[in-house]
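Shared between the two complexes below is chain A, which pairs with chain B and chain C, respectively.
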Partner chain A sequence: MNWDTWLPLLIVLSSLLVALVIFVLPEDRSKTRTTLNLGGAALKIVLVGIMVWGVFNGHHYETRLPLLPGLDLVLRADALSMLFVALSAGLWMLTTVYAVGYLEDSPHRSRFFGFFSLCVTATVGVALAGNLITFLLFYELLTLATYPLIVHRGTEAARKAGRTYLIYTLAGGALLLLATIWLYTLTGTLEFTARGFLSTLDSSHHPVLVIIFVLLITGLGVKAAIFPLHGWLPQAMVAPAPVSALLHAVAVVKAGAFGIIRVVYDVFGIEFSASLGVTLPLAIVAAVTIIYASMRALFQDDLKRRLAFSTVSQVSYIILGIAIVGPMATIGGMVHLVHQGVMKITLFFCAGNLAETLGIHKISEMNGVGRRMPWTMAAFTIGAFGMIGAPPLAGFISKWYLGLGALEAGQDWVIFVLAGSSLLNAGYFLPILYVSWFKEPAGSWPAERCFGRYETALALLAPPVITAILALTLGLLASAPFSPLEWARFITTLEYAP
Partner chain B sequence: MNDVLLLDFLMTLLLLFVPGLPLLLAFPALHSRLPWFRYLALLPAVIAVAIPEAHSVELPWLLFGSELGIENSSRLLLAMSVFLWFWVMVLLPAARDRSEGRPEDKYSTVFFLLAMTGNFGAILAMDLVAFFVFSTLLGYSFYGLLVSGRKNKARRAGRVYLVLLILADLLLFEVLLITVLTTENLEFAAVHQSMAQSDSLTLYLALVVFAFAARAGIWPLHFWLPLAYRSTRPAVALLLGIPVVIGLLGIVRWLPLGEISSPELGLIIFGSGLVAMLFAIFAGLKMAQLKMLPAYAAILVTGLFFTAVGAGLADPVIWSHYGRFAYVFIASLGSGLAVLVFAISWLQVRRDYPARSAGYADDSNQWVERWSGLVVVWAGNTGFDTLPRWRVWWLAKMRHLWLLIRIWQRQMGVYERSLQRWGLAITLFLLLAITITFVMASAGLSSSI
Partner chain C sequence: MIEMHWVVIVILLPLTGAVVCFLWPRQTVVSGLITAVGLFASVLGLTWQVLEQGALRYAVGGWGAPLGIDLYVDGLSLLMLIVTAVVGLAISVYSSAYFRLDRAKHFWPLWLFLWAALNALFLSADIFNIYVTLELMGLAAVALVALSGGANALTAAMRYLLVSLLGSLFYLMGVALLYHSYGSVDIAILSQRVESSPAVWVAIGLMVAGLLLKTALFPLHFWLPPAHSSAPAPVSALLSALVVKASFYILLRLWLEVFPLTNTVPGQFALGQFGLAQILGLLGAAAVLWGGIQALRQTRLKLLVAYSTVLQIGYLFLAFPLASIIGWKAALYLLLAHAVAKTAMFMAAGNILFYGGHDRIADLDRVAQRLPLTLSAFGLAGISLMGLPPSGGFIAKWLLLEAAIRSGQWWWGLMLIVGGLLTGAYVFKVIGYAFTRSDLPHEPGFVPKRMEWVALVMALLAIVLGLFAPLPLALLEIGSPFGESLR
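And now, the complex of A and B:
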């Protein structure tokens, strides 16, 4: 084995080993735990950076370990996986810093950070999976690693949310397993292949392939929170803010959306999917999810629930971009994978800050909070405007390419979906900004805590400020080398090259 | 050669700083530490106006690749904008204070600088995306300026403005998508050429006109303008011409005027411009408050502008004749609205001042009389003549004069309202005369062609 075969495995191990060590650390060794967490996150960023550079320059990184007869555990780096790995590695570092600040003095931190690291291990495994069986293994590991984080607080609501999450995701996983086995019996391979590996099958198999496609998308759609499989996500909001950030921006919903991209591009192939007639229904489901979830978000007073419905809506942009079929829409969908992550994690960090510092959980309690926490609310404002798609923020770039892709593919109806979604986004984000900045505070805050020099603890304040700056930079410098947009263009060039 | 390169570099830097410096200074951490930061924010724009050099800078790393530039028309608009922002700073004490105490003032400062960034950037933008980005920044910042006054009426004006702004943004976004499908080059000149031959031309024209009409408050999308003028603070009222100006500038920059002919759409726009002028006159005559006059003047003049755009769309030759005056017209509108707001504020201050000053004078008079009386009594008791005869005579005369002034002031107060009505009637009459002259001149020009 050489460096090129070790590197994918090292990236997975950089958080897995950290997780294993943290599990056995005594509760009071907080400095060691923090050092391990941050050290692992920093190491992962360095390794991912090396890998991104290598993939851009045509290096082939692959780890292949025997798993079952005829089936290997494959970790492989390609342009698409790099987009997701880079997002996970970058945001894991910030989420770890945030979680350290957030959970200071709370019990069961070793358990929390152990599963936290395991969660990121599973996410990176999902991203680097080179075949469907490896994908499935890490996908299920993600389910199991996230459950303890959702129920971490141990309240009745947390346990209920955890049960719901487990029922939804295990059912989805079962469908995914069924479809994977069915596919293997049909083809004898599960290797992800550029432009898919099913187009060579006899046309008599096409009806079966449609059923397998539906099973795969349904299984993945649970984590991607496609309507009507999204029910677990708003309930999971009882989890601590770093977990919400992880669920919504880095790991779970992204793993579902990423899985759908893999299935459409590297299992079926985009052209073959279109010829099977499955992309238009997928686009319609995504469009319904976008509008439905936005409308549900309008009527939520609980800030995190509103953000949860916003996630349901925004993640479907990725699926819509894929299902439109065309290079421009693909760029839009791919780049939104990163952009949504950065913007949404900003919003969840801010929601966590409001809850931790002032005890604010509801929008009706947010009157004048911009005066008390200007940095947090400035970051929230940038995240919210990004979600609306206001220029020059990251969300504008995503919507630009999605809109262009829709017109290019002759699917003009998508423009109305995008416009309607922008209006609804404005409808549920702008009132929050209005009450925060322009209304008088009602009196004392529900449960105010003082953190000294800054409006809140520095470990809580720095991450949302950094991600907000990132959301602005990703839009403003969209055409800079190695930007997510340029990387999405690179992927699309490979996928649609003649 | 080196001198040329250095000059080029300096001009590039200057162009970047015109919108860049106000944007940087918008950070509270930065501007709260700097004296005269508002004037500092204006400095690059002042220098850019003063240097009679056409220059442009390409920014391939910005968004999808953008370009900023300055030439004669943009210099004129930049000069007008600089004049307005400077005027606001000089005239309003609140704008001069560096450390305002109230949170809404702090927010106003941020919105003030962001709106300045949007205004300058939109003027310098050489392509559709840059214009869209800067004008959107201007729009949202202006919303902040409108509602940070904390009056219910101002908030209502802000809400109406925000709804129209979002609708306009959505339409302009669609316009951008249509344009990109036609041409990859989004510079104004290239877009004009490509769209002139595009199948989507009519849709493009209609969306652009509708969107910028909403942003500029052109009838029938004018709802926010009277509300804003009625309810907002004087500082913001002085600046209300800026979104109107940028809206009109958008129409001129985005439409391929003089290059295409669209008679049907031209006629509709021309007709709506005429109706807008009539509406402004009738609504203006019925208005309840003098401070709403600039709103109706704006609707009247933007209606006039619409008739010109409509005529230009109907017949490109007409636009090629008088289109070059569009920038002068827009710049004059911006300054004219500010002058009108200032004149009305001054009138109102003058109207209020006598009553207030009379009150102060009465108090001070009584105070003087009381203390001087005490001094006289004390002097009489002690045997000193502290008030020689000539001084007594002078004081009596002064008192008599003061009483006369107060009677005159009260009389002025009684006639103030009727005077205002005359002022309004004269203003509207003059604007109507200009309109009729313009329409007749246009008709004469088109018939001669």
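And now, the complex of A and C:
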């Protein structure tokens, strides 16, 4: 009964309790609701800060509650989980601020913010899960908490998107469940262990393990939007902008990618995975996803749809980094988990600002928008260049390590994928930047609203500006202590045998 | 300290309550509620006693088997009693607000009578007493279905009556055959004497058929959807949560203790039971598919929930071919989780019907958005029925899947996955309508807050069962009801 055993649970509870209170809060108590939201977010950041510091100094945080005979609900802080927890805690704060501004005076806010907090609870739970069953529990909770957010607007399109989302994710979850139990009957344990816990199994089990691997990755790949399981993501962009931001940068997509990291490193172990021969197919699938989604993005006129396809492509960088077996590539993949989140959330915030302030949803309506909303578009520009991988932005760091890793592992073909993808990224981002900065405005905007002093409401403007600065800083100060890059290096030393 | 005879109290208390409710109809709600609370407390007392002393055998009047009546309580019957007490208390609270006095004066005596029959059934130590209680339970249940009046309800009740009588009759013939061959109806005595013979086989066939009919396993489920959907909401809840489970309990009890025929040459009978188990599993799988597909096709909410019961009953029978301790425990945990979740779901459906005056799923949005508590209850109960974590349904599904894979019969596990997906489809079909906007005018009925909260509390209980599984699972071990019967 001490601090070390309760801290992980407290981090999960800090948003769970907020969610429960908000659900029962009357609709018109918006001040209380905002205070609760921000208070919970701030508390979580502080707790996560303490935890990061503790983990770095060798503390062991673990909450263990009995779930079934022989199986526990485990929340544990290790180096890898800290990377994801810190990302979600930080970006949750900003997204909450943004969402409060975005949903001002819209109906059903109690419901929205309740599920919003629940969504973050699930994400943090996914990050801190210390074994596969705990992971599964929060992973499914995430599915359920996100559904009401996607259908929040209540339109026919929203309901259809919600249905598609459920079909994909529930089916994926079922595969995951099946694979998890199968694994459990083989090993009798599901604890995440650095370098995996399966390599000691008798080699007669190896064909079964390959099947389990495929089931697990397929189940997780639905949320990580790997081709051809990505169909739900572009549809889900009918959700309100803060939800899209959260979905694409932190919660759902990342939970899938994070799960794949866990499976490859801490269930199978990277070296054992490689010896089973499953990493190369995974790398190829990731590469195909990267190129295919970028091509699709080129042809979208709807801004959020283009960004959605860009997410599909960018998240597979993480998977690619995992599947190229080698420390450098691992660093690249893991650091991209954070970098992609920061950059993509910027882009979605900006897209939301354009829609909310000027009624712009399509790229063809963006002519000259840079003059009307310079701050927003400046942030968008930084995010876009980061995605392309221009130095000195965060995206460059990821790509650099991925490239180095590919060469180190002797997988030269990856370089072509990276180069091709960068070209395609430039192909779909630069035209947006061109029309918004250099074209003349068309006269009037589709649905302009005035927010007074600034180009838009401050709660909407501040978050993207902050994340854009963050994306710049992460690139410039990549080697500073506690930067994601340094942290990814720290993790990598644990995952590869000396 | 005086030893409390909780075993007898849990039967006599509801009987007395029923009589009191019947004699003084004006105070019927108050007396009914007091009885329900008292009964809940008595079951807790019994639980405490069993936890302290282990499985109990109680000879009524001191006579003892084979002459007198024996009551027996082990982990299995205790779990059933607890499920009944929890669900029963919730239904009592809900009904106290649901019925107006003219209906209440009929409802309460019947319900308490049913409750007494259920408790007696779970405590009976011989197959003839089980028959008596089964018949009492069936008659009370039929009367409750007819309670809402109207042609639909009466037709459904009449059909239910015939099915119920037929089922009991089959069971009784099995009992008679066994009694004729072995001179006893005591389960413990029979389990030592019974051996493989044509008479025993016929007896088993008759009893299983009768019980399957009463449990509504596919394809004998035809009577369930009309009966459960045309009854008043609290009655639907208790039929789905408790009554169909009672006949399942009997089947399980016989399967574990009487049918294994320990005196027979090993192998000969095992083959027979193995074959029967496979058939039950197949029927269960068919029930999962059929119930799920039918639930998806329904346009009325209560029918959807009723077909969902058909599906869940199918799950229970998947445990038979697995025949392992984990499998049985999983089935019973499923029974527990389903009882709680389905109660919540029928209550939620009842609230919606109360408020909107209809239960057409496509027009639910007008109702559901204005009853957030009820909709939450429906959703949370749905999560448990789908078997998503954290919920009682998830624990059961996990254990059942584990048992399936461990026994090398993964195909039964596959049915669980398919059933879960079908359940997800029909639950979200309902929930999806709650998010669409509709401002069409309509005259809302008033839903007492109590009815909304009871539904929500039951749904939350179904979720919480996912976090405290070791406790009920350990309870089941008392007297090791699954212990010796394993192959």
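A few points about this structure:
By definition in this document, the second predicted complex is superposed on the first by the 497 of 498 C-alpha atoms of A that agree within 3 Å, B and C clash if a C-alpha of one lies under 4 Å from a C-alpha of the other, contacts with A are read in each partner's own complex, and residues count from 1 in each chain.
Just so we're on the same page, a contact is a pair of C-beta atoms (placed from the backbone, for glycine too) under 8 Å apart; a residue touches a chain by one contact, two chains touch by 3 or more.
Note that the coordinates shown come from a computational prediction; the quantities given were computed from them, not determined experimentally.
With chain A as the common reference for superposition, the partners chain B and chain C occupy compatible, non-clashing space. Contacts of A:426 after superposition on the shared chain: chain B is touched, whereas chain C is not. Within the superposed three-chain model, A:136 lies in touch with chain C and out of touch with chain B [touch as defined at top].
In the superposed model, A:437 makes contact with chain B only, not with chain C. One geometric descriptor of the composite model is the angle centred on chain A: between the Cα centres of chain B and chain C it reads 170 degrees, in steps of 10. Once the two complexes are overlaid on the shared chain, A:42 sits clear of chain B and of chain C alike. Once the two complexes are overlaid on the shared chain, A:476 sits against chain B while remaining clear of chain C.
In the superposition on chain A, A:156 contacts chain C only, with no contact to chain B. For the overlaid pair of complexes, the smallest distance between C-alpha atoms of chain B and those of chain C rounds to 44 Å.
Those residues of chain B that touch chain A in the shared complex are 28, 60-65, 103-104, 107, 129, 132-133, 136, 140, 144, 147-148, 150, 155, 162, 166, 169-170, 173-174, 176-178, 180-181. Of all residues in chain A, only 23, 65-69, 73, 111, 133, 136-137, 140-141, 143-144, 147-148, 151-152, 154-156, 158-159, 162-163, 166, 170-171, 173-174, 177-178, 181-182, 184-185 touch chain C in the complex they form.
Interface residues of chain A facing chain B in the complex, by the touch rule stated above, are 370-371, 374, 385, 389-392, 397, 399-400, 403-404, 407-408, 415, 419, 422-423, 426, 430, 434, 437-438, 440, 475-480. Only residues 372, 376, 383, 386, 388-390, 394-395, 397-399, 401-402, 405-406, 413, 417, 420-421, 424, 428, 432, 435-437, 467, 469-470, 473 of chain C touch chain A when the two sit together in their complex.
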